[in-house]
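Since the structure comes first, as structure tokens, the remarks are kept for the end.
Chain IDs A, B, C and D follow the sequence of writing; residue 1 opens each chain.
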Amino acid sequence: MGKLLSSLDSAIQQIEDGATIVVGGFGLSGIPENLIHALRDKGVKDLTVISNNCGVDDAGLGLLLENRQIKKMIASYVGENKLFEQQFLNGELEVELVPQGTLAERLRAGGAGIPAFYTATGVGTEVAEGKEHKEFDGRTYIMEKGLVGDFAFIKAWKSDPFGNLIYRKTARNFNPVVATAGKITIAEVEELVNIGELDPDEIHTPGVYIQKIFVGNHYQKRIEKLTTTNA
Amino acid sequence: MGKLLSSLDSAIQQIEDGATIVVGGFGLSGIPENLIHALRDKGVKDLTVISNNCGVDDAGLGLLLENRQIKKMIASYVGENKLFEQQFLNGELEVELVPQGTLAERLRAGGAGIPAFYTATGVGTEVAEGKEHKEFDGRTYIMEKGLVGDFAFIKAWKSDPFGNLIYRKTARNFNPVVATAGKITIAEVEELVNIGELDPDEIHTPGVYIQKIFVGNHYQKRIEKLTTTNA
Amino acid sequence: MSRQQILERAVKEIQDGMCVNLGIGMPTLIANMIPGDLNVMLQSENGLLGIGPYPNKDEVDPDLINAGKETVTAKAGASFFDSAESFAMIRGGHIDLAILGGMEVSEKGDLANWMIPGKMVKGMGGAMDLVQGAKRIVVIMDHVNKHGESKVKKSCTLPLTGKNVIHCLITDLAVFQFSESGMELIELQNGVTIEQVKSNTEADFTVSSSLEIKG
Amino acid sequence: MSRQQILERAVKEIQDGMCVNLGIGMPTLIANMIPGDLNVMLQSENGLLGIGPYPNKDEVDPDLINAGKETVTAKAGASFFDSAESFAMIRGGHIDLAILGGMEVSEKGDLANWMIPGKMVKGMGGAMDLVQGAKRIVVIMDHVNKHGESKVKKSCTLPLTGKNVIHCLITDLAVFQFSESGMELIELQNGVTIEQVKSNTEADFTVSSSLEIKG
């Protein structure tokens, strides 16, 4: 079906300075490692990146920060990243902090053709400033807008050639919503299976959302906080 | 965990005249047959029923129509049902027709704590009359409100004792969104499995949404339109 | 016969790699006409992407139906999902093409296909979502009704399904495309003249220059 | 020691059958203290309902972490889901209880726990969603800061996480409940007097009649 990429070069080649890219993952779990590396190598600048976190200093989206490729970051939590702080205080980096549930819902809304919705999250806080307020049944809500990126980068466990995806455990996180919120969505996966091999009842992301598929050959899957019963 | 019912009597006993009940299924596929029968037997009246369809004359929600238990129906398509027409023309039955995608999203929104959202569906039609209109990026949208029922009736294939659910094929349809949109959600299922038996990656509805579980012992699964290659 | 012409023309709208929603009724018949070398995924708004052919008698499964409530099968690569996801797909612009039946079409690209006042109210089902959400909307219908009156109108008289939503109209007489500049006749069905189309059309339309040359 | 008292009191908020979200940091420690005879499902907002204990060294899985990015396990009956579903669950009022850390609490039930102006901006994560969505919000924190200043205030001075959202506050000195009629002292920690609480609290509060009797 022509979705399968043998290298990320051609896909990344389309991305220009100033593009908006939505990126899946939570912390360093379920992040599209190969896509981030390819984007770092391509060196495209002035990106707006929408992702729950911004990696750590030497991994994940932190690599793009290190390379000064990000102009604006839309995220819910960026506390793991010293470079982030530095660039933010320098005025090099613009930041929009969004509550995590609102971020997830804004991406789902963007992908689902919903331009805006109301939520109580953030009412009475900085997050509500400048936003439309409305009462429903005596409770106050604010209006939040759907988000769509020029590109969406996601990571899944298994894909078939149509782009039907299955994620593994909590590496699912933002990936399924991010998948829907890109004009062009590129999925990198650990394993490609034949068409018909995935049980249609178990598919998490139907292939309709996926424009390109890349099978990564090495996943670092770095652990941020190793906690064990005996540690 | 106390969610398992040995009979539907106690659960149905809580439902009073005038209650709002959200019901899963599409046509006669994936409908909560046992719950509908129990509700018919209980005879509770003046119900508001929210469901994509209203069954057929002698099956599904059509049984409640036949028994004159429904005061108001919120649905997207009721064309299979002559009793419906008759009661509607008599003025016995109030009807709110909602586009199917808007109905699905209103239920999802209700379950997700979103009181309202904007959609282009219905703009310029009867559906838009009296609703708030708003422009986003030059396109006009209307505001639609979240829906929540006093009770939600759904049908799943498998459940564990916590109420983690798996649906089968297109019998999934509205059931997962309806599951989220009831103050009390009762799931009837074909098969109960032990806790831990369902793969956590394959669960469609997490048990947090389910208050009661009933294992039905007979499913009619009537087919509305039998179409075969050799027919 | 005229229906066959409509369907044969409609199937040409479907291209390799597309995800397509075929409306209930006449559009459903297009499924069987899609060339086997095209890789097309048909969506059914009750929660299936990848509709297969009707089942053999022993494959029939009440848990596997299409939006018209007919028993179907799922092809290799199919997926099942819930109704909210299904319409997220539709409303979010992820479906490439919807081919829908029509009762009336206006020169502005309005569609009426869900309700006849005074008759039984059936409901709009997913039609209003599809016309706003799918990337391309093709309507197929007879050009005139059984009384010989044009169904291609200046303005629709029936309640609308969507305003200014149609990209292409295929009738038993002709094919029209819709754009900012209005409604344009782009093809004639076999043996039909421009005059015939004009005399059977209430709507104002322009004639494509490429068509004038052929005609 | 004072932390242990807070945690021991907090765990009493958890009842059989509940779905509970424990915030990052001190609240996470409550997980290990839940009595084994209670059937409780812990939610992690990155997409897990049914957090199990930390893994053995050979069970560690980078694809299985909690919202604090710690490696965890999933208990029997757990489910995985995406972030939109996770917050649908939270925002929609399906989580029975959230126990969160606090920097400041006001007598009106406002919570500030995400940002100190002038310090590194970390972001609010899921805290703003939890305080608006979960059915019951319990905040646990030290009563005073390291300079001896009360963190239980008339009004919060730090940026808010939520306004009028707290149901219960548990500190190393006391337990308060919040209602329409204001903030009420309902319990004293072991060996603490009402006078001690009063002198360490900037907020105005009433004292529960049942407490006066005991005291």
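The rule is short, and it goes like this: contacts are C-beta pairs under 8 Å (C-beta built on N, C-alpha and C of every residue); 3 or more make two chains touch, one makes a residue touch a chain.
Everything numeric here is computed off the predicted structure, so don't read it as measured data.
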**Prompt:** Hey, which pair has more contacts between C-betas, B-C or B-D?
**Reply:** B-C
**Prompt:** Just curious, how far off is chain D from chain A if you go by their C-alpha centres, in Å?
**Reply:** 28
**Request:** Take the average of all CA coordinates in chain C, do the same for chain D, and state the distance between these two points in whole angstrom.
**Result:** 54
**Request:** Between chain B and chain D, tell me the centre distance in angstrom, where each centre is the average of that chain's C-alpha atoms.
**Result:** 35
**Asked** Which chain B residues reach two or more other chains?
**Response** 105, 108, 112-114, 119-120, 167-169, 172, 200-201
**Message:** Touching at least two other chains at once: which residues of chain D meet that condition?
**Reply:** 48, 74, 80-81, 87-88, 90-91, 132-133
**Prompt:** Linking chains that touch, what shape results: line, ring, star, complete or other?
**Reply:** other
**Request:** Just spell out which pairs of chains touch, all of them.
**Result:** A-B, A-C, A-D, B-C, B-D
**Asked** Which chain A residues qualify as touching chain D in the complex?
**Response** 26-30, 52, 75-80, 85, 88, 95, 97, 99-105, 107-108, 119-127, 157, 167-177, 204, 221-231
**Prompt:** Along chain C, where are the residues that touch chain A in the complex?
**Reply:** 17, 19, 39, 41, 43, 48-50, 74, 76-81, 85, 87-95, 132-133
**Prompt:** Where on chain B is chain D touching in the complex?
**Reply:** 1-2, 108, 110-114, 160-162, 164, 180, 195-196, 198, 200-201, 203, 206-209
**Message:** For a test of understanding, state which residues of chain C touch chain B in their complex under the given definition.
**Reply:** 44-48, 53-57, 59-66, 68-72, 74, 80-84, 86-88, 90-91, 110, 120-129, 132-133, 159-164
**Fill in**
So, in the complex, the side of chain A touching chain B is made of residues 105, 109, 112-120, 134, 136-137, 139, 141, 145, 166-169, 172, 200-202
